[in-house]
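Two complexes follow with chain A in common, the first pairing it with chain B and the second with chain C.
Right, the complex of A and B next:
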């Protein structure tokens, strides 16, 4: 795996250009500092120049500077261990070379212990989306499909591609990583030739070309510019080398990697075709017809026809997933889980959504149980029933537009009614403020309310617009601005009618 | 009464400061408040990862609610020690690059020193994600507060949101993403994969529009002086804010300090009695009803009360401080039409032009007009009038341009094409009612003009 390490880092030509640039631009600043800091290190000076220029176009230069400065450093301060970086630029250098491990602050006290947890708390923890089970329920067929594909490719020592698609939350990434884990286990048991596993995610990149940097970093731990990384990867995958192991590359969110030129996708899918590469690429995206719709012909051709689609979960499957997570716990009533499964399956079939709703239901049940305990009633059974689930569903699926209209002030409600009246009068969806204002005058006179001045009506309009009950233009257009209703007319009638009868 | 005047000065200062800088007192909405507090608490104590959206109209107290919850949690030692608070604002952090730098600084990651972040955008993102990935239940919880959440949805690819929500749904460092926005349909702005990762907890905060009595009570509460005991409780609560260590959240720095104020009991009682009597006056109730009809939010009421408190004078006694007349007058100012005021400040010539525009609009049903049309209409009137004779064309043109600069008339197209300015088409942004009002209220308007404004026939 360390083959790429020994490659020459940069061409002499580039570095000499950079040297020139540095010395020309910062001659005045550089020289005194250099003489002053001669004894310690000249690094900070060079790095100051680097850090002021974050632009992508200078990245090759940044790397090229490393050689001379490194060399100087090793001659003057060869014995000093790079354990404690002094300046930020030194630190940055160590981060780039992978010497500093990224860490987060540790907490002072331990998070809640395992004991002393109630049934509901345990259930809530198990229901968290992040707790991926060892084997995904209801995805056995897809698992086998990917498993046989990857196993075959690894055993045959050849390259290949696969395209996995499906709507979000249907277990694509979890299944693929599950397969990889299984394969790695078999490698550990010497059942299978060893392989490298790399993983990139389109959404974690700032731009498609950063994919090279991420792949290279996972191979060697070093961060280099994308041009450099591209060159090194090209070299690695195109030149045959003895004892090269198979590399499995998982590309998540493939559609983000597609730019107009599609050079990144092309490269990622072209390397497997090289006999020297032994690269297996598994690509994941949401849309089923992405290769035909978005990718160029040559890229689609390279992607091949090995495809797999993850169907949205049905309500039975969702129920199985949730009960699988709850295994043994008595926290949920059976029909409560079924209600969640049926409601979610009808909307999206997203497993995350079902798990989140269940988690919210446990919270509601928790609050209800503690409330009951406060009252001193003996009925403090900790169980999620239908009512809790119903409340959670209401919170997480319903929209609050009717509620918003009910809680508008009186003049705001009149304004909304006026928009409705104007839409009915003209028959066109789009109304202008002028017409609405005439309606306001009428309605206000009818209701016996004070008519707001046009200036105040504009303020009301802007407020409703910021809430998105209306869609309106900038109030610069004053009385000529166009107003669209963003809620249905029935919602307004319903909210105001029910309001009035109460 | 010199003794009283000092107290009144103090009261004014106290009331003003409480109205403006009391960032952490939130009234009502107990359920929502508990919901958010428990969420943050669980994130801090149990290391759960969560995400939530706080939605409500402008001025409904969303930020105050978040501040209040944070203040509540400041009593909790566990929370202070085990969480980092990262505050981002969609208006300040206009793209992911800026937001990411701010996150790096606030989390005090390795590649940040003294508020300066090193490395390029992609390096920052990679490093932040690596840090979060390296974390587990034993690392500190991070609470992300995203103000103006809807603006983050406009960022390229929604990279930041995707990554934050993704971390909250995978076994990494425990984080809590709390978005605050005023748009009701914010979820529709999310990309489908971001939407799937969001946990769909939404908390709605709506100001209470049903209960007018509550509004009057709030009005009184904002004006009364709290008792010594209440002041002490408040001071204790504000005191805990010193534990809040965040470079971006700044509300605790200039927070209202109740401990600075002390009122004599006699004075306090007299003042509160005065306020209690005030809200029983019918004219006050009527004024408040007018405000309530327009805007039910607390923020609006607070601004109104601030203007009221500004009128307090030390030379007067308590009973003359905040009177029903003042409230009525102030409400009248709120209900005034600014455009009419503007029209009353115009010269007679400019008003004549507006009347000419009005006649044109009435006849041709709001057709656009240019200077020539209006001038000829005005000229017809000027010829027969005794006061407007002899006004030259350039003078009228200047008046016309003045109207345009005041944006009483707007050009039809935003781009200035090659049309001469006399021929450029315009539209008028006034209602006829406003013009009629202005003509009636105009001081010393020649009778001829007034008559002409009634009818376009000369």
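Right, the complex of A and C next:
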């Protein structure tokens, strides 16, 4: 069956779902995230009810409970005693107290083994973004930096702060978690005093104050309201206690935690200053000048000056990263990797992007190889060459706007031309529908096409607006609506000129 | 075809519309279009036809239908629950669109196979949540039911396109009735009118006269009534094509039309004299169209000879009925002067002259009339509270103290909507508030 054996069997009516939903809403008024999670899964549940009405195991409740910080969604519970059927509210209680852990559904078939795979498939697996290597290439210096900081803090048994910044995809989180793993390994070898590691991610919180709830849950496993969690954490970090171990707190996406009052950020950075806390906070964000730009003076001063900036990867580093992942594999040609590295480094220096493009290139190569095999040609060598990479780059980098304009209908193209003509005539970027319509009349007469009625032109305008080729208002203020061009005028000229010559 | 015939009899001159509606939404075995948009002017029978259509539809086949007026639904929840109540038949709770779709999906197993949702005044949908209109238009796709959404509104479909685009809609248009069609529709009202006339005679006459009159009424033919309607429409059709409105006015005027016949002054066949009799009351009631005050109108019809312009008259009556205190009146006059005279004329008008007050008022009024020709089309100008008080003291001969009563009268005038604030409602006391006089010269 889909669900664990412990879940009570019952047939469901719609009314019961509604009831429970109401009950839940009352129950967790402070945690909107949870209610959201419930709603997002309510649909498949109801669907099940409809298709197999008779006797369905029903677990809308528990799916809602624990919103795991790792983003997993709980659907069943395994640790429950099978003999005692429980009401959903009892389950809710257990989940809140952390007695039941969220688990995922198990797959029926086993995952494929390593043996039957081709070279390209193995390369594709290795190139996946989620496969983080043990030691990150090209980040040794940053690794050392963070390592010495954290090791020092843990050994000195004091608290402190560190701010790590850098554009997305430069390995910030991977390096920090790598350092933590290394430190935990040393704790296991008794080289280092033990420490607790907690992590929160600003993006996974519905509200900055939920940070307290998540931190407290990682400490104790219990889910409480944020006020309660805040009070308990405050008590824990301010009152001295013997045999307290150091706590390392990783705060990812710090800028999301900044609200107008900045009380959450302030508390998170104020606790390390308490002598009793023994808390080390490592914060990660994208912008380098975030403390000065967004945070209040008292928060910035507590954040301290221990900062570290992750520079975007150069093409050499990207090349190293990709080749490091492909060690021992013959799937990629050397110049193909170099092309990817150079293209990506020129745009953003994002390692994720480079890996994604490489993966896409392997897929294209796979398709090409299978096609060649179908034709029966002997050249079924599975290898990614320059052409495949070029195709992948075109797919992932090039803009689709020119293609979109080319594939517009005739009247839509006339409309776009009219907007361009009106912009050139008035010299102002923002045009009104009326002016554009007179231009349409002119252009349509010039091209010998029938002039569309204003209503039809409005429909065209709305369609182009919904495709984001134009930016326009609601059509309720019909001829007075403002229209902005969302593509460059050169794009339109290029697209239509090329079209005309064909 | 039973449905269409029934509807066509009930609603003459709408054959095309009814047929096309029936073609698209008829048999529940066939797939309905996902959305139909019905537009047309007021009084062209959109809602009435759809309502009857839905009723017949719900009776003769295993369909569920619902007609919702969107004005009633000030939140989306009301809209959803209203629709569900009729379609699923049960007190259901529904908070958002997702639940709405879910509940409808569950109705799939029920043997009811066709669903029709009609939304009257659909232009209100644009002001509700952004997702409503696009998702209602694709309700068939979302629910997987054989469901059709009819949107009824007065504005064309072009006013509905939102920024994210809406899906394709079939639009139906109900054109206004032509003169011939209007005549046909109004003549369908013949028996009803004659019956009402009989009732009226029974009510207020003594027995002998009654019998005579009833004999005359018996002689009224459809042709005679059509003749009357022809006369009626020749006056009214230019101003008003709203059929319900015309229907009401026509039956009212018919009593006046019949009066000389019933009194025996004019023969039934003497159309020319009847026309001469009715022409004036018709024209006077023309100005009363769309104003549904029964009593005033009947009064107006009876003594139309005495007063020339009834519309003007009614306003004057209203103004006369409006009792204001003495200073209140002067304040209002001052406000009117302040609104309609330009501020640079103030010195000449109010300061230089030291003659009698009456004279001054007249001259000011005369000036106002002259100025009105130029500025009346521009509307009243705004003025400050200080200027209002200055003019008030200038036109008022006696010197009264500036008491709080006087100031409270100003605020009372604002409350009565005789004056209006243009700007600065929050800082009345520091003098930056601008007022405007909202009554006309006749008042």
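Throughout what follows, the second predicted complex is superposed on the first by the 417 of 502 C-alpha atoms of A that agree within 3 Å, B and C clash if a C-alpha of one lies under 4 Å from a C-alpha of the other, contacts with A are read in each partner's own complex, and residues count from 1 in each chain.
Please note the rule applied: a contact is a pair of C-beta atoms (placed from the backbone, for glycine too) under 8 Å apart; a residue touches a chain by one contact, two chains touch by 3 or more.
Treat the numbers as computed from the prediction; the structure is a model and nothing was measured.
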Exercise. Which chain, chain B or chain C, is in touch with more residues of chain A?
Worked result: B
For this session: Give one of first, second, both or neither to describe whether A:465 is in contact with chain B, with chain C, with both, or with none.
Result: second
For this session: Using the superposition on chain A described above, determine whether A:105 touches chain B (first), chain C (second), both, or neither.
Result: first
Exercise. So, does A:478 touch the first partner chain B, the second partner chain C, both, or neither?
Worked result: both
Exercise. Which holds for A:454: it touches chain B only (first), chain C only (second), both, or neither?
Worked result: both
For this session: Residue by residue on chain A, keep only those touching chain B in one complex and chain C in the other, then list them.
Result: 454-455, 463, 466-467, 478
Exercise. Once bound in the complex, which stretches of chain B touch chain A?
Worked result: 34, 38, 45-49, 55, 57-58, 78, 81-82, 84, 96, 107-111, 113, 116, 118-123, 125-127, 129-135, 137-142, 157, 159, 162-163, 166, 169-174, 182-185, 192-193, 195-197, 199-202, 204, 206-210, 290, 292-296, 335-340, 366, 407, 410, 427, 429-431, 434
Exercise. Which bits of chain C are touching chain A when the two form their complex?
Worked result: 92-93, 98, 102-103, 105-106, 108-109, 126, 156-166
Seminar exercise, completed: In their shared complex, chain C is touched by residues of chain A numbered 14, 18, 22, 39, 42-43, 46-47, 49-50, 454-455, 458-459, 461-463, 465-467, 472-476, 478
Problem set entry | Residues on chain A engaged by chain B in the complex (per definition of touch) | 51, 54-56, 59, 88-89, 91-92, 95-96, 100-112, 121, 124-125, 128-132, 167-169, 203-207, 210, 213-214, 217, 223, 253, 256, 286, 348, 350, 352-353, 356-357, 359-360, 363, 367, 395-397, 399-401, 403-404, 406-411, 434, 437, 449-450, 452-456, 460, 463, 466-469, 477-480, 486
